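Each remark here refers to the structure printed beneath this line.
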Amino acid sequence: MDYNAMELMICLAARALEDGSTVVVGTGAPCAAAMLAQKTHAPNLMILFEAGGVGPILPTMPISVGDSRTFHKAIMASSMPDVMEACQRGMIDYCFLGGAQIDKYGNINSTVIGDFHKPKVRFPGSGGANDLASLCWRTMVITPHDPRRFVEKVDFITTPGYLTGKGAREAAGLPPGTGPYKIITNLCVMGFDDETKRMMVESIHPGVSQEDVVKNTGFELLWAKKVATSEPPTEEELRILREEVDPMRYIIGRQAA
Amino acid sequence: MDYNAMELMICLAARALEDGSTVVVGTGAPCAAAMLAQKTHAPNLMILFEAGGVGPILPTMPISVGDSRTFHKAIMASSMPDVMEACQRGMIDYCFLGGAQIDKYGNINSTVIGDFHKPKVRFPGSGGANDLASLCWRTMVITPHDPRRFVEKVDFITTPGYLTGKGAREAAGLPPGTGPYKIITNLCVMGFDDETKRMMVESIHPGVSQEDVVKNTGFELLWAKKVATSEPPTEEELRILREEVDPMRYIIGRQAA
Amino acid sequence: MAETLEAGLGVEDIGTGKLFMDPDPDKAREFFRGKSRALTDKVMSVKEAVSRFVQDGDYVAIGGFGTNRIPTAVLHEILRQGKKNLGLSGHTATHDFQIMAAGGVINRVDVAYVVGLEARGLSKAARRLFEEARIEVCEWTNAALAWRYKAAAMGIPFMPARIMFGTDTARYSAAKVIACPFTGKKLLALPALYPDVAIIHVHRADKYGNAQIDGISVSDLDVARAAKKVILTTERIVSEDVIRGDPTRTAIPYFCVDAVCEVRYGSYPGNMPYEYFSDEDHLKEWLAVDSNPETLEPFLEKYIYGTKDFQEYLELCGGEHRMEELRRLEFLEDGLGAS
Amino acid sequence: MAETLEAGLGVEDIGTGKLFMDPDPDKAREFFRGKSRALTDKVMSVKEAVSRFVQDGDYVAIGGFGTNRIPTAVLHEILRQGKKNLGLSGHTATHDFQIMAAGGVINRVDVAYVVGLEARGLSKAARRLFEEARIEVCEWTNAALAWRYKAAAMGIPFMPARIMFGTDTARYSAAKVIACPFTGKKLLALPALYPDVAIIHVHRADKYGNAQIDGISVSDLDVARAAKKVILTTERIVSEDVIRGDPTRTAIPYFCVDAVCEVRYGSYPGNMPYEYFSDEDHLKEWLAVDSNPETLEPFLEKYIYGTKDFQEYLELCGGEHRMEELRRLEFLEDGLGAS
């Protein structure tokens, strides 16, 4: 069955979300992934938005993480501090992030390219990204895969990955046991090596070569002992994604890279 | 016109409350005083209760500072932290306290008589008293006047008055500009001397002698340059107090000492 | 250590009291990581809830405000099941404290306000616990306990505050003094309080534990979030649609909650705002009998140990007829008299 | 200073950013002591509110969330009155930031999220401010600004938190690192943020400023309490009875508020929950024109400088007819399409 890279990324992200867990999502692909997970293997996945929406029944894709869709028939229309404090308390399992640059430890830049005081490019800044990546148990990243994004050294660490390697998060003061979990791109799925906390390729998408991945990554990747081929979307996943999650093709109609 | 000591105390307390100010009250005489003030010179006095009631239209005397009367037709039914934080922020002008013992600096004991670990008498403890006296601008005390209550040294400082004198509150860490304002008893009204922060008699109730006050006080009092005679309740005050504030005579029917 | 404090670099141990609960947010995070987030039916009897979620030795926080919106049925069941060595947060604990003191189920207490029933007078049974030194005590204030809950609800180990300075309340607490890193000012550091169990009575909840409270919430939003386990009693169990129909009104989300027990008149003899007023006659009777162990024992036997559940207690107290009177009082239907 | 930190005795200055606002709670207390607590009629025009309560140089906090429940009318009026050198809290400031950047009224910003409009793209006009170094910047995060407001609302000079560690976000912030006096763990100290003015759009308020918000409150409960002056715009002014009839619902009490302005559709082109959805076409037009000063100028002239008030702006944007379409979108009356 035909599918595009965005559909595959959403399906892979959805499968990484365990049933009975909690996830803070943004708009776009992460939200689609969480909705797909709810409609497939994880009916008890609870979705939160950082602006205060808790457990909505999403009628359509939100445009903003604070718009009225994010608390449509929700179990609670709360506040930003309430949601951030649930994260800090340890109640939130997953968060989803993007970014302009990411390094081999999963550190993310969404602030500036170039000098901070007179940047070449100014991006929005952390928003809630730093908070969620600091406080939620597992950070998921969905991002296009190219060498301008996957860089040896990010211009600015907006959001903590594993910083400089194993133990660095805890030494810096972040809650233990947290950190990047899966990086899902249009080429592959990566996790992190337990010993070094460096990014490690776990599966490569169908039709993508190991060389494609290397070529599009600006740092040296680690490779799992057995690099799998990413499981393509099932017919059922695609049907739900296309008919129920994103019938207007807001997300799945986009270019993934 | 005839009146009893409790009625006088309530009237004197009411008159000390400025219009357009905010006051946290408890049950009993303080609440009656605030209600009387609202119905006489201070229509814009805003009453709060520490459990969360803000700006109620009191239909009757509350029995508890958290009962449903305390937020009857209120402008907000909030929470204890919200009210306490308004105090800490500096938005609350007055609070009212009582206590088992009080010393010449206005320090109050409502915790124990005797040894802390095996007390002769155990009282309820601070409740919100310490908080309110620490954070509101002016602390009012309404209490019976006898030598067991007005003591040289309280067994336990539950709630800070001026501690050991001028500057002691600020040195200890309390917000500047706060402290006991008026002590209203069945014998007299006392304030605090600016230089020493010791309790100072400002007015003596009609029919009470200076000697009565001295005899009933376990420490040396200061005396204002001109000790006035406390202004008795007016006819109008008594009418409102008896007909509108406390028609069931819950409070004004009590013994003041 | 005053000098280092002045320099913005100090910690002063002013409190000599015992810290009953660990304020470490990482230990709490480990617990919360394992706590269920699933939307499952948590409706059960009070008996089952107490049996499953209150263990001997647990530290308990009670919602409401002493005689207002209190979870009486659970407190009675704790006595009936003979729980032992409970700790208690005495955050304006009045009738709730009186019940637990009478039942001898507590051995330690963080005190803000206990032993009194506000204007109603003092409980002798509760005082005896202290005067006979049968309970470990640590002193605090209402705001201190409120902010200790809030720190825990926020997932931080302490909350700075500007209270308690200069007093024996601080001296017999477990607070510390720190200097503000920005202003150099002294601040009281209040350790986070993560109760083992919170017990809260609400107006309505769905079967998952999403709950609404009408009127003041006292500290219950923070208590429910701070506690490791939460037992809700509710005047009414409502459908999920009621909750989702007005999500602005949700005070406690289901993922904080472990048990949902429907207990009509569950705050009796306390006041339940917009439902029924407190039964002042019955509270007076409590204060009278608990002045003496010899009158207290048969009273407890009659109303608590000798009843099988809260429904039987309500019947002994006048049942629906009395509840109707208290409803009329709540709604001021007989004029302004409150008792 | 890592060693003293380990010993629970240190303060580490990790932030090199500028602290725009004084976190001293005693200075704030002095201000709040003088703030009116009287129930007075505060209804006035947006023009009067901005003229009286927004001074050149003031530091401003905006309620809502970027394109949701934002006080657009006040932002336009700030441009129209040519206010200068404002500071801004960029707590997910999206369209609000875009307006203020376009108008050149701000010269410093605490950034959590600015220049972007979430999924809609980036504002070039907003980016130019940074890329041409025409604005002073201090970096934070959404939670950091939320908790900075909360510290101020609570009347304490800082809030401990567990975020930002190890990042350049912290390095370009004005946060400090302290050690927990109880656990020894590192905590980020976030300085209290007391804005000079908060501007918040709500669903309904009475003439005194008692206000209700339907749906998420984002940080507005804390913002309203933390700010020295508060301007409310409201979809509807309601009678005091509406407020007193359901006091559980009051989000902002009148004593925080200085001005109440009735502005129907006041969040346009943003979303107002339960009222109308965002006008994505108009927001797209904004993003298109602000990519270039030459297209931006006539756009601002047409929609803001050339209009006398928000009502005229609404008329230019399609008036009641367009608002009715956005109402239908909000209520999903034409199916699931959101734009």
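As written, the chain order gives the labels A, B, C and D, with residue 1 at the start of each chain.
The definition used in the following text is that a contact is a pair of C-beta atoms (placed from the backbone, for glycine too) under 8 Å apart; a residue touches a chain by one contact, two chains touch by 3 or more.
Because the structure is a prediction, the values reported are computed rather than measured.
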| item | value |
| --- | --- |
| Contacts common to chain A and chain B (chain labels) | C, D |
| Selected pair, greater C-beta contact count between A-D and B-D | A-D |
| Distance from chain C to chain A - Cα centre to Cα centre, in angstrom | 40 |
| Computed distance of Cα centres, chain D from chain A, in Å | 27 |
| Inter-centroid spacing, chain D versus chain C (mean Cα positions, whole Å) | 36 |
| Junction residues of chain B, two or more chains touched | 71, 77-78, 81, 87-88, 135, 175 |
| Sequence positions of chain C contacting 2 or more other chains | 25-26, 155-156, 161-162, 185, 187, 214-215, 247-248 |
| Chain contact topology (line, ring, star, complete or other) | other |
| Each pair of chains that touches, named by its two labels | A-C, A-D, B-C, B-D, C-D |
| Chain B-facing residues of chain D, complex | 25-26, 28-33, 35-40, 152-156, 208, 210, 225, 243-245, 247-248, 250, 253-255 |
| Contact footprint of chain A on chain D as seen in their complex | 64-69, 90, 92, 94, 111-116, 118-120, 122, 127, 130-133, 137, 139-144, 146-147, 150, 161-169, 172, 177, 185-188, 214-222, 271, 273-274, 277-278, 280, 330, 332, 336-339 |
| Complex contacts: residues of chain A adjacent to chain C | 19-22, 44, 46, 54-55, 57, 71, 73-78, 81, 85-91, 93, 135, 137, 175-177 |
| Interfacial residue positions of chain D with respect to chain C in the complex | 4, 8-11, 19, 23-26, 155-162, 176, 178, 180-183, 185, 187, 189, 191, 213-215, 247-249 |
| Of all residues in chain A, those that touch chain D in their complex | 26-28, 50-53, 59-71, 77-81, 84, 87-88, 107, 111-112, 116-131, 134-135, 156-160, 163, 168-169, 172-175, 247-248, 250 |
